[in-house]
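In the two complexes that follow, subunit A is the common piece, with subunit B as its partner first and subunit C second.
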Partner chain A sequence: MDVPATAAPLLSEAETLRFRRMTVIWGITVLLLLPILAALGYFMRLYQSAAFPKVKPEWFYAVLTLHSLGMVGTWFVGSMAGVSYLLLKYTRPSLAVSKFNYWGTLLGVVLLIVCTLGGLFGTGWYFLYPLPLYSQHIWSPLTTFTFFVALAILGICWTIWTLDILRAIAQRYSLAAALGWNYLVGKPGTEVPPLVLITTVTLIVAVSGFVAAVIVIALFAARALGVNVDALLMKNLTFFFGHVLVNITMYLGVAMVYELLPTYAGRPWKTNRVVAIAWDAVLFLILFAYFHHLYMDFAQPTWVQKFGQICSYLLSVPAGVVSIFGTLLLVYASKMKWTFASMLFFLGIMGWGVGGIAAVIDSTVAVNFHFHNTLWVPAHFHTYYLMGVVLIVLGFIDHVGKELSGLPENPLRSKWTVALLLIGGYGFVSMFYWAGAHSVPRRYAVYPLEVAQGTLYARVAVGFITVLLAGILLYLWETGKRCLKALASI
Partner chain B sequence: MRFEETSVGFPGVKQRMRFLSLSLVGWFACLMLILAGTLQAQQSFGTPSNEPPNEDRFVYKQVPDIEIETTSGSQTSLAAFWQQKPVLLTMIFTRCAGVCSPFLHSLRSATSDAGGLGNDYRVLVLSFDPKDTISDMQIMADSIGVKSDPGWTFGITSPADIRRLAAASGFWFQWDSSIQQYDHPSLVVAIDRGRVIRMLAGATVPATSLRQVVQELRGKFVASYAMAGKVAFRCFEYDPQSGRYSLDWGVLLMLLPATGSILATMWAFFFSSQWRPPARVILHDGGALPPFPTGYRSVGFVPLSGTEDNAQPDLAGIYAPTAVRPIKIREER
Partner chain C sequence: MIQMHAFYVFLAVAGLLIVIFIYVASSTGHARDIDVHAAYGVRTKFFYVLLAVLVIGLGMTLGKTPYPRNNEIPDKVVFVVGKQFSFGLSDSPITNDEEYEARTYATPVQVPLNSLVEFRVTSFDVNHGFSVYSPENHLIAQTQAMPGYVNRLRVRFTEPGRYTVLCLELCGMGHHRMRGVFEVK
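This part shows the complex of A and B:
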């Protein structure tokens, strides 16, 4: 297999240092946001435990909105920063674009905080049409406007970032090479690392998600001008955007594992025919898998729902099964160096698998009829997020922190941190699963008598979240030190 | 005394007084009866509203079984109707100078358009006016032109029963003595096996809406309903008559995200300006590097480790010659 002839897209030493510094700044920002956003989640489960009877439910929904959008955004930018950094080995992304994104993202986040905690905007991340326009006097029209401005800023920044990385990949690889098409036909050609292949697929998909978000915002604006908009169309576009954003974050995390885990396993993890087929299939399947969010929308034609179920099933095979088996094969009988970062990478991929299984169960129409509005849904997405991509990004930040600071890790503290994250994390999501299987509805601030058992499950979950937070704080202490030293030394 | 004698002893005064008293009592009783009758005749029920009854509050609610006297002279019950076939129920009063008659005409036209009347469902028209009699309802049926149509039934029921029925469907009626008319909404309630399936409110019955209702009464699932006002960019249009979907303009918007992806990919891979490193010649103290194989460019950036004087090329991933000696890199543009 040939290597690309052009080579040369690497940065000068000074540029590399600036890029490393930017990556560490992204990492520290993620580490600062993590405990704040986790505390918001803690507040919600406490609220559902009836711990704050005097606090108005409006606060619950405002916090729900900030927690969900904040978490999705944080891990997206975290994984984008990670992938950009790792791609330096192969391509030359723009540092200016990364900086522009940093400030744009901060501005967007500040506006989100203002309109949720300041203006009590409480539609949830999905801001489903026409809810933002019918606030029942809980939030003002100005708050709604601010919310959409925040979304527009984030959308523009992230789209530019996505296009820039695609452009950087395109400078070294042809489209056929970046998508590994030579592997599909079994002919020798340019060797493409899995990181490049997965990132290319992911970012092409990402553009479609951001375009959908732009259309949603435009249609909201049209509604504000008096044009009636089809609610079903809006829901399709909104959930297309949401589904894509969550999935691409996961895929970027997985791309990092493909690149970094081999360095700990001491074995290469190269692109081959199976990997290329798997990730190229994602490019098509992800466009239609989101239909599983609309099973309860009976106005959607039946063939669309069936197609959604098929695509959801198929989507789990290439991305999930191939990557999980690949990870296991890589680690099996290798001289694996089990550090804090490599443990998080491995557990992150496995967590993605666990959450993926729950997601596939829920993407079955017959099951979804029972689970759709229950806590089963937050159960599965918290599993593959918290126990999946979050662990991977935390692993990456630790990896970079160690690499750049030179500070060694304390193996005992690492094991304790991993144990606390696992016990707290899986305990926390298991309460969601248990409650969902017992028909406890989601998005309820206060559980009525009919589902009063939800309060008990929330109280048990609070205990696990406490353990999880202890793990997060221990992680922040350990990795935070390395990141700060790295920042000071660059 | 005289007076007393006269007064007491005057023959016929007692009888007159008794007659007067009895007359007063009688008049009073009659007045009360008339008043009660009038009140009963012009009874009101429910709270008037400018908004039509909210369908969402009543769908799938149980409808009370009530006694009905039909224009054919039979005493039956509402349950007897819905046990045979689904029912489209509407409530009117025959003295109505407003909407009742046009509403029934429009219902007749819509049922004719939807088809299936008599086979799939029946129409039951009940009066909510206690003054209405069977013959009044016959005249009404005649005026609408459905007197001999077996799919249509006109009838009356007791005031108590009509109130129960109204309560179960959000219907209301208020007597307005100034115009001697009832104020009331126009409503068709679709009932299947004793439960409200759909409700159509409005001065007329739109044929499209009734077709959807009839589809539901036939046991077919209706996936979507027309929304009030003009809607831009719908994904699918549902035809209740054929039960089929057709694509609408909104689907084009659904194609835009994927189109955006394709355009962005084309821009990145085919149209964006390709970055090329400055041409560099790799030099070292012993001469040029071994020749690059076919397909490799002989120029390219080779990252260095160490100082420039003591530079070592890192050719991994680019080109790895078997023997690499210390080299220097000089840029040539």
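This part shows the complex of A and C:
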């Protein structure tokens, strides 16, 4: 491998140890947040099952807001921490930035909890303009202000973190190399691991998403000062940000699989021309696929909607042909070492694929006309989130916990945990799919007569979530032990 | 119902993917070297098959978007305003809060059977989802009600009866209670 002349030295042993410790702290934090946020989801499905008739619906919407923002944020920071750790092999990310992010993220999360559970702020994750300003006296203007302060804190922290990782990559690789362009022209020169390529593509997209979020917050502030703000512009910016944040989290998870799954399969997974083309295509397509969130905004030009469908369809090509096919090729007839972590990586890619199929179907304008904002939408994003990136990040935490603690796993308990996660997880999302196909709306605290069947589907889902929670608790017991031992031993 | 067709397509394709994953996982029980070049050949074929499926899918669906076409003239226009937490529907434009209030308590608007109806949908406050449910409670059409914009939704009703409008965009604490109604005769 040719190392570029500008290459910075990697971290010293002491610095690496400190970085590992920070990664374990991130991991333990994710493990603490997981059951709390999952319990909020459990509460919502119980509420929709009519289990709490005396609890006011504002609690449902406040919990919905905290659950969705909390889950997206948790898996974003979990995957960022994971990618940072794995990049230590190739680059030199800043430990100080990681620590700064940790405390900044905690502060942001505390403020979000105060706004939602304390102030009943209930706009959903997307705080769609101008809903935060039309509270119907449920939440106060101070709560709205605090909510945007929390978002600003998280946005600033995560932008700095993103830029720092890009800086670390840039210290060792030129932009052209990090984007795999050397492979495109047939002169690879410096070998670029897929982890570096995917992280670079993903984090460039991430910066654009965070910029959109900053503009949204600024325009809310402008509206508070009396400036007239365009609702369609706000919607475009909001969904661009949300779409990007969810997708980059998934891609960071995939980047970890590219790096770690080969160590279990005993085969290499290297960047080549096809891999480079695929991820560079993602960089372009992801920026325009977000239009599929606005299909029902008929004021948006029709050509934009159709372009959104074309980009959404084409996004499945690099994912399917390169990443999912690559995973299958890597594992096929290999001397695969099936551990808890490797099972979760493999199943996480499968979940990404299954959820992606449902997402592509929904990205068809003519189909979205009947599915938009029904439970089909949480069906597919829970599939590629819960059964995709969540499994991958959980696999990563277990991988690191085992690596640093030396505690072996109990194979039987691992298989039981995976079985519970699969049965509970897929059973839970199947009720979303079925309900979506039967026109049941999403984000409804109570189902009115026209869609009363939603209550029954929620009750069935509650049963599956119970199984899922049992799997999560088993996971926490096993992996939590390893992480605590790792923390004590570093 | 298009939703169920989509559901079965999803089940078929996702089921195939899951079967492939199970097959690949089980193959590790008989580890051996594989011909990577032959595998890349399979990948190339998969690429063309997937691309063909997507292009056919685009060809079949891109022309069926629900957006208004300029060469069509609606037989009837219904004006719709969404506001926390009800829809006001009227045969004449709703221009202020008083007219909106009056329409939320008025007798339901009637639209003719088998005619092209255009709903001109807007909002007086936040975003709402103007979502039409058939008498059998299937979601048959929708558009967003946005402040500052008028979205034109065109539907030809082929079945008489009472249609319900639910809100499918989170609009506040009464979101799930928000509704409107009209009749097709």
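Note that in this section the second predicted complex is superposed on the first by the 478 of 490 C-alpha atoms of A that agree within 3 Å, B and C clash if a C-alpha of one lies under 4 Å from a C-alpha of the other, contacts with A are read in each partner's own complex, and residues count from 1 in each chain.
In the analysis below, a residue touches a chain if its C-beta (ideal position, glycine included) is under 8 Å from a C-beta of that chain, and two chains touch if they have at least 3 such contacts.
Predicted model only: the values in this text are computed from it and were never measured.
Applying the stated clash criterion after superposition on subunit A shows that subunit B and subunit C collide. Contacts of A:Ala299 after superposition on the shared chain: both subunit B and subunit C are touched. Looking at the shared chain after the overlay, A:Ile113 reaches neither subunit B nor subunit C.
Which of subunit B and subunit C touches more residues of subunit A is settled by the count: it is C.
Using the contact criterion defined above for the overlaid structures, shared-chain residue A:Val205 touches subunit B, although it does not reach subunit C. Of the two partner chains placed by the overlay, only subunit B lies in contact with A:Arg92; subunit C stays clear of it. By the touch criterion stated above, A:Phe240 is placed in contact with subunit B alone, subunit C being left untouched. In the overlay built on the shared chain, the residue A:Leu476 is in contact with neither subunit B nor subunit C.
In the superposition on chain A, A:Ala358 makes contact with subunit C only, not with subunit B. By the touch criterion defined above, A:Leu232 reaches both subunit B and subunit C.
230, 232, 298-299 are the residues of subunit A that lie in the contact sets of both subunit B and subunit C, per the superposition on chain A.
Against subunit B, in their complex, subunit A makes its touches with residues 2-3, 5-10, 89-90, 92, 162-163, 166-167, 169-171, 174-175, 178, 204-205, 207-212, 215, 219, 222, 227-230, 232-233, 236-237, 240, 287, 298-301. On the side of subunit B, the complex with subunit A involves touching residues 221, 223-224, 227, 229-236, 238, 245, 250, 253-254, 256-261, 264-265, 267-270, 272, 274-277, 295-297, 300-301, 303, 317-319. Subunit A meets subunit C in the complex at residues 57-58, 61, 122-124, 128-131, 134-136, 138, 230-232, 235, 274, 296-299, 302, 305-306, 309-310, 313-314, 316-317, 320-321, 324-325, 328-329, 331-336, 338, 346-347, 350, 353-354, 357-358, 361, 364-367, 369-374, 376, 433-434, 436-439, 441-448, 450-451.
By the touch criterion stated above, subunit C contacts subunit A in their complex at residues 2-4, 6-7, 9-10, 13-14, 17-18, 20-21, 24-25, 27-28, 30-34, 36, 39, 43, 46-47, 50-51, 54, 57-58, 61-62, 64-68, 84, 125-127, 129, 131, 133, 137-144, 146-153, 164, 166, 168-177, 179.
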